[in-house]
């Protein structure tokens, strides 16, 4: 088994779609949030909408690591990158995120040494290869990615590397979900839970959603079949009046999560009292900073940072998109002023951002398309 | 004075000897237009590319135009690394320009080559590159008839950049034009896609990824000529799917013809290794460059015939019909996924794989 | 970013217990398996790879269970479809 | 869905709008072949060079060969700095290729342009360069019909390199060949020498030298056409005296024709400022590059007539007969000094002035 | 007056040439050495031989600063240039001089940061602009150039520049002339004295040549008329049986030299006990090193140098050429193995080197040429 | 290397007494005149420039003296030549 194609099979998809359509109570609309940007990407990339009945609406959640970085943090990172002896390392997606003073790519064109890496370990390798430079890793991501950063810092400490630090922007999914649940315009029927985050934190932390907010949540894998299956599981729960945390992605997600990953995070990082999320404002205990024990690897302590809060651009409605209140195309600047080439908001940058995913993959009239497909098959 | 005169005569003989490049590394003098430049041109470039039109080494080459129409194209090559599995910057530079001419429906005839060399570049590497170019030119039946060499200081280039231009003659009565594409046409690709981009990226070794993928760099004039011979009026347009990949080329076609192009994901030929690399790096093979594959849009009624012609050629063994042209939504390329959904395939944004050609 | 790719473990580092090599469609990459130190990994195991780290060991049984359930669903669906067709024809 | 459909329609309208380059600096994305590349090509290059042959922006341009013979040439331009008194890399790139065609006796018709841009290069500078190119092309009566753009990482180029290639048509019944030069011929230069090299060097400001010297960059096809019209059979060969200067060009001629060329120092036109710069730096003006001057070797009996034709043209006001061709010593260029002595004028060795074109 | 063209006038030259021819005693050969490479350059560049009667032979002397640098010193300089934090600065001519391990140009192509300068002051400017690099000036030249180096070091000290040093290879003309006078194959009738060296040291240091060796010396300017005039003055002395130091170049050379220049050399430099000259071997008290007071600017003390003596290549006859014993074309490798592009000896490098000057400017059969000129003028 | 070029002093440095500007055929370069500090240089004076330093002040009188001597020589020569021609003809 390759654990990929098997979960993209058209036949299985049709069966699931039929069962989903069957499960919908006629006349009722179901709105589920896929919390994770990875799911958003899958949905658009595979054209999942074509298989869902009109009763099922998927709205996109805050789980896109790139999307939630506030502008002030981008500016701080660029400030670091501009120091003449610094090599800034970053995942590729991050390089196009606009701060108040442009993006990493702009800073790079203007002379900063900014390099894309595939792994935080690559950043550490760069640090070892450039002992006379200070190498900073722009750490972003949810609990999925935080363990990799933490393990990298532990390696750096073990190897005695002193020219490496982390600009830590790791955020946590639970406080974000809680913020959405607590929002006055909350109107969801359930959640498609983030599969890879859950591989680290396990399924228990979602318990309060079922218990306290009475909403079902299914932890889902990232292949299109996984998402359809999860939708069906949510519909089943609603139909059966259950409200539970279920694990559709048991092949990858252990119910208890990953102990080593959590303890690495625990050693290297500490909870921030609060952290700004782009479009969502400050959320308490929602992010990680470097712990005191690893202060030497903390770019926030190694560098003097401006730390200025930058207001989001006026027309930006990323907050609403991230809370699932607006569909991407409902934002006024979507596809006109805000495009993947010239993003105004962060959701247009990462391929996991709802706006980018919709723009890149979903931006067409499905009815017209189906007509065209009909013509083509007749031709 | 008699002995002096003998010495002078001997010096003249020495000066007329076949020049030899003694240096191991390119210096700025090789770009200054003086003796070192001449020596480099004669000992390296002329040696590699020798042909009667180039030989006078004048300001330009004199050709004899032989057709009603002529195609003219240029491309600069800055691929990094210069050598990669399946090829190097040299055959890329020849094939790239040969292919652009072929896409115009022209028989490639003559090439020019402009070299920008970095001070310190190994002469041995330059010889290896010019040997590839000579072999590629020979294989494509073209001659390199004029050229130029510049040398820039260390740190002002990356070893070697090559700009080739080409002229070719349009001898078949074909009208190729992206604007002529119409609903009902079929979209064919001549082989598996993304091999070149994947091979170059792996050769760069930035990501610690290993796989056996070789560039598909190849001259396409011959397979194109066969296709045009068989279907002179049914081939609407031809595009080699280089930078930006098949996706970008088809967007250009959709946009020029104001049609929709609808691809079938499971029909697009991609090697498993290329799929693996793309998965690891979060890329889409539709955007990964080829250097020896082209897209042909053909009258739908003759699609199978076109496919047969292509598959009958060694460079088209992997050809496949990957989609068709519809009337709407105008200007868009869409993909029917294997999974059963539909999505847009837009023009590439950003730069996932720089310096692949 | 949250991209996770299933890959098959084909080799372990000699000097460094945290290093291993995964293969994905014939493509190999060195990854860090430190997060799965207590999983007793062995060649042939499949792991989920995220930013150069193995994040999770993939259970073939669990995967098969999901696929089996779908198959059953599919069979029901095909049967229903057949029934529908039969009724149409009839 | 109706509102969504409206939004989609609006987006399509936006996508079809004239593309605008918003960035101030070139990024790698401008070279990736995707949207940014297209935007750059349409908003900068097509805007500057617009013509019907270029407009399809295909793989190449289709031309109509119109003459029995055609000339084809290429040159890469890496001049530093990019802007200098009297010109910039843009008009240099156009004039350089126009001139090489003119030296073949051809009427320059079409140019290609390949750009290698460095990440971080100011788009404003690129616009200035393309504007110069457009103006130079207009002045020379040529169209830029095809092109290519690559972007390389910061530190892998020096702002902007341009490679132009050109095709031109030989319409006059002339036979130009350095090998056809024979004893008794006259050597003519079309104006004062070394201005371009001196201007670029001063612009570089490496030596703290100041003077008012401007590059002589200019298209020579017109003055050449007049000369060839007047003396179609008496002009033996034409060479533009670029890198390596008049000395290098004449050595090539002496060597190809197995003659001796004897120059008269006091007949060689050199501006006082150029003399001053050369004295300060220990250079010889005979080796300093021109970009708008050429050397013509003409039947000695018609030298005065040739001179009259040249002087009658604005670009030949400073033309002068600077020497003559003798039988021996074969392959050498000699100079009768003003002082009354004689010396050899050899091919340039080394690199006194790198990156002047 | 521009002090240039006036001294290149063809009419004046013909008059002088006629007088020179007149002055020669029939049947006698006169051999004069132009000590300075600048004179050699002028002689070939202006084709002076065409104006001299066959009785007058000019032979070239050791006064070419580039020509006399031994290979070991070049290797030492390249060793310095290869240090990763070093910018080596040098006059252009020097960059092609081959050491045992290639030239500066080869080292540059292989990655060393070697820059050509017009003046030692430019090297100092580079040092100030690159405070994190060590900038070394490859100082070569006779007493003409030594004051400029000395003044530059004084400036550097004044400005407190600490990343600048001088690799001092300054040599002195008098010991070299003495070496020639003392050589067993000495056979000259007089000297054309070096004009620009004399502008610094004045004319008195040559007195011993007239007094002790009974040879006339005329300090000469660098325009072709100056050289002809000096030849005439030498012939006059011989005809009149005088043996003096005369100053043809009084417009530039004060009899006493330049006091400030001499005292700057005296402060910044000290006499070396001996120094190797290429092709001539070790000559006592013939060169300058940095003085102890300016040790901080002495590259020989700042860097650890290999200091290996390298034997000249076997076929190299530069020593004989520098002593005026051989004409350039009499060297076996001249113009074949040894050319300006591929110099074996130093004399083929600098445009003041006798071999280079002859190769570049004089390498043709004058009789053939005169026949051709005759044809041309008749044509 | 020992190249020395005559140039006319056209300007003196304001802040730095050692700096001046020379002009040579319309070309200007900044040079150091520290070696001629005791020559009382003024604009219009000519100096010999070597590697960016003024090495010597040029004396027009001495130059003129040389040229005058040559002229005399030249006249003698022309006269002799004339005499020669006369004798030839005669």
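First chain written, first letter: the chains are A, B, C, D, E and F, and each begins at residue 1.
Convention: a contact is a pair of C-beta atoms (placed from the backbone, for glycine too) under 8 Å apart; a residue touches a chain by one contact, two chains touch by 3 or more.
Predicted model, so just to flag it, every value in this text is computed and none were measured.
Asker: What chains do subunit C and subunit E have as common neighbours?
Answerer: The common neighbours are B.
Asker: If each step moves to a chain the current one touches, what is the fewest number of steps from subunit B to subunit D?
Answerer: 1
Asker: Ranking chain pairs by contacts, what comes out on top?
Answerer: B-D
Asker: Measuring centre to centre with CA averages, how many angstrom lie between subunit C and subunit F?
Answerer: 89
Asker: Distance-wise, how many Å sit between the C-alpha centres of subunit B and subunit C, to the nearest whole number?
Answerer: That gives a centre separation of 39 Å.
Asker: Cα centroid separation between subunit A and subunit F, in whole Å?
Answerer: 79
Asker: Centroid of subunit A to centroid of subunit D, CA atoms only: how many Å?
Answerer: Here subunit A and subunit D have centroids separated by 54 Å.
Asker: Hey, what residues on subunit B touch two or more of the other chains?
Answerer: 27-29, 35-36, 207-208, 279, 282, 329, 349-350, 352
Asker: At which residue positions does subunit E touch at least two other chains?
Answerer: Residue numbers touching two or more other chains: 4, 14, 118, 122, 225, 340-341, 359, 363-365.
Asker: Any chance you could list the residues of subunit C touching two or more other chains?
Answerer: Residues 3, 25 of subunit C touch two or more partner chains.
Asker: Chain pairs in touch?
Answerer: A-B, A-C, A-D, B-C, B-D, B-E, D-E, D-F, E-F
Asker: Could you list, by residue number, the parts of subunit A that touch subunit D in their complex?
Answerer: 105-106, 108-111, 327, 329-330, 334-336, 339-342, 359, 363-365, 367
Asker: How about subunit C: which of its residues touch subunit A in the complex?
Answerer: 1-4, 6, 18, 25, 32, 34-38, 46, 48, 50-53, 55-56, 58-60, 62-67, 70-71, 73-74, 76-78, 80
Asker: Which bits of subunit E are touching subunit F when the two form their complex?
Answerer: Where subunit E meets subunit F, its residues are 1-4, 6, 11-12, 14-16, 18-19, 36-38, 63-66, 91, 93, 118-122, 140-142, 144-145, 147-148, 151, 155, 194-197, 199-200, 222, 225-226, 229, 248, 250-254, 258-261, 264, 350, 352.
Asker: Which residues of subunit E touch subunit D in the complex?
Answerer: Touch residues, subunit E against subunit D: 4, 8-10, 13-14, 44-51, 92, 96, 118, 122, 224-225, 340-341, 351, 359-366, 368-369, 371-373, 375-376, 379.
Asker: Spell out the part of subunit D that touches subunit A in their complex, as residue ranges.
Answerer: Interface residues on the subunit D side: 1, 3-5, 7-8, 10-11, 14, 22-23, 25-29, 35-36, 39, 119-120, 154.
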